[in-house]
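Two complexes come next, and they have one chain in common, chain A, joined by chain B in the first and chain C in the second.
Then we have the complex of A and B:
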């Protein structure tokens, strides 16, 4: 990472740390949402951007993580920090199961992507029929936001949730930066570029692809835990929805697949865009359902047509940041 | 639970499954030739269903007849979509294609929502509630008509690919893209033609579907997923496979609805998909890639 990139990162960190001091609660909730998508996008990017395995079912890990932490909290009174380990364990198991099945049987490309959708949809409908967790009626946590901080139980002000999400995002960024420079990162990139050639060079492609899936699943599990304690209500229809998976991957694709800054930039732009459209539609009085999504779709279409590698790579060149 | 009831349900499942099969056939043909997965397939189907509902409401046009103009319009739309929008993406990575078609799907769904509102609509025909009784087995007329139309369309498409010059040329593109270019085939035109054919299939399937279910703007994604399940089970790119997959899914949905819970029916479709992907990833009738 160049000196300029480092300076940019420090400036960004300073702004993000100071944000709750001057931002109102509304702006803070938008920023929290942007960080949430930056984090999940970073997690997805490990699998697709680094190792080249296209997952279209990341809502599976968000949902499993959220339900695991929420279930042990509401049913057994176990707090989110211990619950997070349950969530991670469950998601790693699910990711490993999908990985073993897919990679052992040589499923790749479109077929792998469709397999991940199938698992997410299967689980969504499955959770609709688990009465113990509320089924389609949802699972609810006791009201979450309070005036004081209670980090041990993830109960506190919006600013606390913002800082928790910021810490997660920063952690994910650091982890990905380290991974990209590690042996695993280079193996992944070799697999992404040409799996046959990577295997010919003696890389155990099965093992390293599994590693990517497991890291990505474990990271996404924490996003699920956050989701559960931030929103305090979970519905299978919503959290396992394919729309959730799509939202997760839009950020990194718009920002730049395989880059470190791409998921962050993409999530910030898309969340900001969605919010601006909300306000625009409200201000102009176009109160018809669907208007906002049509605009969103058009912007997405234009980005993917004219910036096929995402916004970050050309922007980084323009700013003289290298890659 | 009597054997008659089960027989009734299975027959209804087979007939519905044939319409599903026609929808999936469109997806399969497009993937088999253009190698692009049409993630907006269910949304296109929803638009066809709305077209049938509107034609039925405005001109009292039977969906069976409405299928013809709707299919013609969809052929043109599909051709334009491929030639204008998707063609530059055929050499791009899969995730790029995916986002492109997701964007198209988002726009289609929400334009429908803007224009028609969230309420469900349906068509009215005078034979909708009629049925034939064969002994104790009762068969809905509408379902039989829809299934026959699906079979007829499939047969016509099959004949087109088998016997016509354009169909042969399209198969050549599918077999060997580079070879097709070398022999001077206009691959871009043929790809667009294929996408048009796939769109026409889904248009006819959509019109037939209005005889069986009602339509609302948000049903698109579930039809897209249904289409994926069917083509993967049958074999992505295989025409008879799409029909077989459609029937299998139609029957499994119907039986799951009868024996377990109607809301759990697509869970069995996805379970079937996972099993097929693991043990026969090329699908039941697909060729090994």
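Then we have the complex of A and C:
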């Protein structure tokens, strides 16, 4: 990373750290949502951007992670930090199952993507029938008091949730940066570019693709834990929804698939602009259901037409940074 | 014991017999050329050795170990490097990173792998293009990159699939000199598929001629090119007019 990129990163970190000092709770909730999508986008990017494996079912990991942590919390009184391990274990197992099924039997490309959708969909339907977890009626966490910080139980002010999400996002960024520079990063990119050539260079492509799925699933599991304790209510219909999966991947696609800053930039832009648009529509007194989805569609169309590699790569060149 | 022993290799694709019982050896430190007309089964032989697919019957032994049925990555780890006839650069990666991927097979750190990669790029005169995306390279440079990447895995045997095709005669001579030097200095054994006879004659110590999936001649280059069976398969039967 160049000195310029580092300076930019430090400036960005300073702004993000100071944000709760001057932002109201509303702005903070938008920022938290943007960070949530930056984080999940970063996790998805490990699989697609680095290793070239397209997942259209990442809501599976968000949902499993959220339900796992919420279930052990509400049923057994196990806190979110211990519950996170349950969530990770469950998501890694699910990701590994999909990976083994796909990579052992040579399912790749579009068919792999369909498989990921299938898993997310039948899990959604499955959770509708788990009465113990509320079924379609949802699983609810007791809403705690919102004035002080209780980090151990993830109950607290919006600022606390903002900082938790910021820490997760920063951690994911650092992890991805480290992975990209390691053997895994080189091997993943080789597999992404040409799997046969990668194999001929001694890379056990099955193993490294599995590793990408597992890392991505484990990262997304934590987003699910956050989701559960932030929103306090979970519905299979909502959390395993394919719309959730699509929203996760929009950020990296708009920002730049395979880049480190892309998912962050994309999530910030999309979440910020969509929210501004919602406010604008409301202020004008209009009632346009689905305006956000239409906006996402238009942005996606424009990016794919004019900046197929996303916004970040050309922006990075303009700023004189690496990638 | 030969370094590589291919014995009675047979491979059919949907009933079409591509290779029908081909046998050949590569001695340690030697350079062997596999030649023959288009469709003779040369690349199929390569793919069986490199583990892309297993032979229907027959064996491949490398350093005395049976290799048929092993995966390509296992075969590379065992010490057989290969290039692809249709070059397969990692287009989105830089030239240097392409070679680093190969070097990581025997290097534990990316830093060490980069040092190895830069050394190889220097030898192949690609060092000035190290930071360019591989997608920007010209065809001759892409062929060099294929070779660089395969060499980075530190093979004992290098399989070259038509690396001279598309090179100008001077570039071809440079490549020949490069491989000769590798062979002489490091004792690297080479098995090459080649149509450019200029390169075959200059490089190979032994030539194996395949035709319709069978070996029809073998021996020193000068002998083989005078063999009537070889001339016939390339030029057609000689007839009195």
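Everything below uses one rule, namely that the second predicted complex is superposed on the first by the 317 of 323 C-alpha atoms of A that agree within 3 Å, B and C clash if a C-alpha of one lies under 4 Å from a C-alpha of the other, contacts with A are read in each partner's own complex, and residues count from 1 in each chain.
By definition in this document, contacts are C-beta pairs under 8 Å (C-beta built on N, C-alpha and C of every residue); 3 or more make two chains touch, one makes a residue touch a chain.
Fair warning: this is a prediction, and the values are worked out from it, not measured in the lab.
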{"item": "Which of chain B and chain C A:85 touches, first, second, both or neither", "value": "neither"}
{"item": "First (chain B), second (chain C), both or neither touched by A:242", "value": "first"}
{"item": "First, second, both or neither for A:140, with chain B first and chain C second", "value": "neither"}
{"item": "If touched residues of chain A are counted for chain B and for chain C, the larger one", "value": "B"}
{"item": "Touching partner for A:182 - first (chain B), second (chain C), both, neither", "value": "second"}
{"item": "Chain B versus chain C as contact partner of A:128, first or second or both or neither", "value": "first"}
{"item": "Partner chain in contact with A:197 - chain B first, chain C second, else both or neither", "value": "second"}
{"item": "First, second, both or neither for A:300, with chain B first and chain C second", "value": "first"}
{"item": "Partner chain in contact with A:231 - chain B first, chain C second, else both or neither", "value": "neither"}
{"item": "Shared contact residues on chain A - chain B and chain C", "value": "none"}
{"item": "Residue ranges of chain C touching chain A (in the complex, touch as defined)", "value": "50, 52, 71-73, 76-77, 81-82, 84, 88-93, 97, 100-102, 104-105, 110, 113, 149-150, 152-153"}
{"item": "Chain A-facing residues of chain B, complex", "value": "31, 37, 85, 88, 92, 94-96, 98-100, 102-107, 109-114, 117-118, 217, 221, 225, 228-229, 232, 236, 261, 263-264, 266-267, 270-271, 273-274, 277-279, 281"}
{"item": "Residue numbers on chain A that touch chain B, as the complex places them", "value": "48, 54, 56, 101, 105-107, 109-111, 113-115, 117-119, 121-122, 125-126, 128-129, 136, 242-243, 246, 249-250, 253, 257, 288-291, 293-294, 296-298, 300-301, 304-305, 308"}
{"item": "Residue ranges of chain A in contact with chain C within the complex", "value": "181-183, 186-187, 189-190, 192-194, 196-205, 258"}
